[in-house]
Amino acid sequence: MRMVDVGDKPKTERIAIATGLVRMSAQARNAIRSNSVSKGNVIEAARLAGIMATKRTPDLIPLCHPIAISAVEMHVATVKAGVEIRATVKTVDRTGVEMEALTAVSAAALTVYDMLKSTDRGMVIEAVQLEAKQGGRSGEWKRKRT
Amino acid sequence: MRMVDVGDKPKTERIAIATGLVRMSAQARNAIRSNSVSKGNVIEAARLAGIMATKRTPDLIPLCHPIAISAVEMHVATVKAGVEIRATVKTVDRTGVEMEALTAVSAAALTVYDMLKSTDRGMVIEAVQLEAKQGGRSGEWKRKRT
Amino acid sequence: MRMVDVGDKPKTERIAIATGLVRMSAQARNAIRSNSVSKGNVIEAARLAGIMATKRTPDLIPLCHPIAISAVEMHVATVKAGVEIRATVKTVDRTGVEMEALTAVSAAALTVYDMLKSTDRGMVIEAVQLEAKQGGRSGEWKRKRT
Amino acid sequence: MRMVDVGDKPKTERIAIATGLVRMSAQARNAIRSNSVSKGNVIEAARLAGIMATKRTPDLIPLCHPIAISAVEMHVATVKAGVEIRATVKTVDRTGVEMEALTAVSAAALTVYDMLKSTDRGMVIEAVQLEAKQGGRSGEWKRKRT
Amino acid sequence: MRMVDVGDKPKTERIAIATGLVRMSAQARNAIRSNSVSKGNVIEAARLAGIMATKRTPDLIPLCHPIAISAVEMHVATVKAGVEIRATVKTVDRTGVEMEALTAVSAAALTVYDMLKSTDRGMVIEAVQLEAKQGGRSGEWKRKRT
Amino acid sequence: MRMVDVGDKPKTERIAIATGLVRMSAQARNAIRSNSVSKGNVIEAARLAGIMATKRTPDLIPLCHPIAISAVEMHVATVKAGVEIRATVKTVDRTGVEMEALTAVSAAALTVYDMLKSTDRGMVIEAVQLEAKQGGRSGEWKRKRT
């Protein structure tokens, strides 16, 4: 078990975009849209939880390096199937921010679940995945559409 | 925005079981099975990350109460589609442990992703969901099989 | 230096209410009211930061006991002088939640400052104080109005 | 809600100085001066809490960037009105340390409150404010004396 | 890998006492005694670090339960061989505080090392061990003197 | 009390190696070797705890700077006397990683203790010490063999 050595990699700009979906009942989604969730504003809470989670990534993922995050942008919106989440994370560092972006999506999704669980305990967090990354030795990567 | 009042709920035994799947290429799954992942033992790391994440749940999910977790059991195993994760969390407290179980599954899944991402960046975290809960005012709940 | 022994105190319901004010320019306050702050929704961010900070209190204040917070309610609103903050925290535990309530107010105030500092670096956090507490050996306490 | 992009800012030396006051009864202040507070040395505890809090700033303030703090100096002293706190924080990074300095003052002030609250529950944390900053795009700033 | 189930254990008073020694050169020890260490008061910093570390124990030790610590007392003093540390931790909970006491000693010892390392890099942390415990199913235990 | 200024030091590669020993009964050591410890795989848990602890070092040690760790390697193995631990930590930063390496060894040792304490409460953590460091103003240092 080891945290791999990134000390000889150059510091370059790196971007990662991850997405996910919280599938839910129409009733749960409507509660968000009408802002009638008793715990508060679901969209704002999920965004904030996502941003804050990027900073906890090395505490949660054992072999992640601590990283100097330079920007986080969270998109959280209701769609037909429930709530769609997209996190964009940037850094200028020796290693990428894929894990930070995926962790942000996961934390935002869990926050959505938490705020609505009394309405719909059957919600499912789906398709948490990397969409694209730029920068670093492995360069650009984009998810293939099927 | 508020953390709802649970002060007048009785302390009772509560259990939650959550599951999830990291869908991956055969190559990535085989790397786990043959224990040839350069970062180390994926299954053990994912288990440990899941257990430790249950203790960070109130730090990650804004409106979660801090809770006296009394037991955590992680099942992480390779299956045909990739890696299957199951977390069982128990408490004797005023509120349930659904969020702790779902957070454990998410952290374990993210750890699997992190350790294998140089092999397969396209992995997808799927079907993170509550399977069952017991205890508390709302009593027993089981996911319906479709 | 010691964390005082509370082991022989009974677990009883305890409530603490704390308040504070972020004094700011009319321009800064208007930016909040018109929701035109580039970093996002100041009121929601401050509420959430306050709630989350109650859970970090024993990490920040060296001699605070870890405590089973049962409820947090944050009131954050613009007033003539700037932003007024009120935190109400409850527990059923061996020690009070005054520090949790004061920490929530401080974190919410700092969050307001952070989101508006490019508009008004001269903002002042004022009058962070306990308003009332109930429960525990010392019983009820209320701030005297002068 | 977003953590603004600082990736294209240069890494430069930045300094921030913040101050605050814990207003208290003469009895409470004298307890500090005579080092007769049962919880321990108030001045040393407040200094240490301030220093440690600079490192928790991004965990507490949702939209703060994680930052490479290079120095922290805490001044904590009794004055006529109570306890005066001054934090000086330095970094060589892409964004400033105003929030780190203000968070240090707040944590030190809360620690003073915690250690003396059994003597004087009415203490007030006052005038938590930035005194000066240097470095960065916005350059030097100094609080105007009125 | 699992966090063992303690949910059916009764909540009882439990105490643990742990000790340790930081062996150092006479020069380093004298720097503490004359309070001439440039980083500050070593004894107070070590005490505080020990107390605060008890609260981080479940974050550091993967399979530790979160626990309601009710008291911590730190003894840190210079002796002929260096600095002697003793931590006494109490709880009223379902599991013991041995790990909290040992973690407090370790964090205090590391803090001593950190503050003096520019004077004596060869210091050794020795004999970190449980001295006694009371309470719980296994009852009283005392280290045998040899 | 202050976190010393490292802002004018250059960022250079720095390495620190620390070691320690958990002395234990033959019975406890054999339980590890036969992988029959009920809590799980001791060696893997200790390695992971050590790696994760390097990232918590500035949270535990009051005057430590936050640091951009670039690599961690943990060696944990049974020997005649018990379990031997060695941590190698690297960074490219303005200050060294001695504290990170010593904290990793301590956390790994505490984890070993935790997992085996029901078998042997008398285990002792011994000889936690720096073995070597490279880089930085003070250059290379090696422990003298006696």
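For the reader, a short list of remarks on this structure follows.
Per-chain residue numbering starts at 1, and chain names A, B, C, D, E and F are given in the order in which the chains are listed.
We take it that contacts are C-beta pairs under 8 Å (C-beta built on N, C-alpha and C of every residue); 3 or more make two chains touch, one makes a residue touch a chain.
What you are looking at is a predicted structure, and each value in this text was computed from that prediction instead of being measured.
Taking the definition of touch as given, a chain qualifies here only if it contacts subunit B and subunit F alike; those chains are A, E. Over half of the residue-numbered contact pairs at A-D are shared with one candidate from D-F, B-F or A-B, namely D-F.
Among the remaining chains, the Cα-based centre furthest from that of subunit E is the centre of A. Centre-to-centre separation of subunit A and subunit F, using mean CA positions: 32 Å.
A separation of 28 Å divides the Cα centre of subunit D from that of subunit E.
Annotation: 16 Å between the Cα-based centres of subunit C and subunit D. Looking at subunit F, residues 1-2, 4, 40-41, 44-45, 47-48, 52, 56, 59, 62-63, 66, 68 sit in touch with two or more other chains. Because contacts link the chains in a way that matches no line, ring, star or complete pattern, their graph is best described as other. By the touch criterion stated above, subunit E contacts subunit C in their complex at residues 13, 44, 47-48, 51-52, 54-56, 66-74, 90-92. Of all the residues in subunit C, the ones that touch subunit D in their complex are 1-2, 4, 20, 38-41, 44-45, 48-49, 52-53, 56, 59-64, 98-99, 102-103, 106-107, 109-111, 113-115, 117-118, 121-130, 133, 138, 141, 143-144. Partner subunit E is touched in their complex by these residues of subunit D: 40-41, 44-45, 47-48, 52. Against subunit C, the residues of subunit B that register as touching in their complex are 1-7, 58-59, 62-63, 65-66, 68, 93-94.
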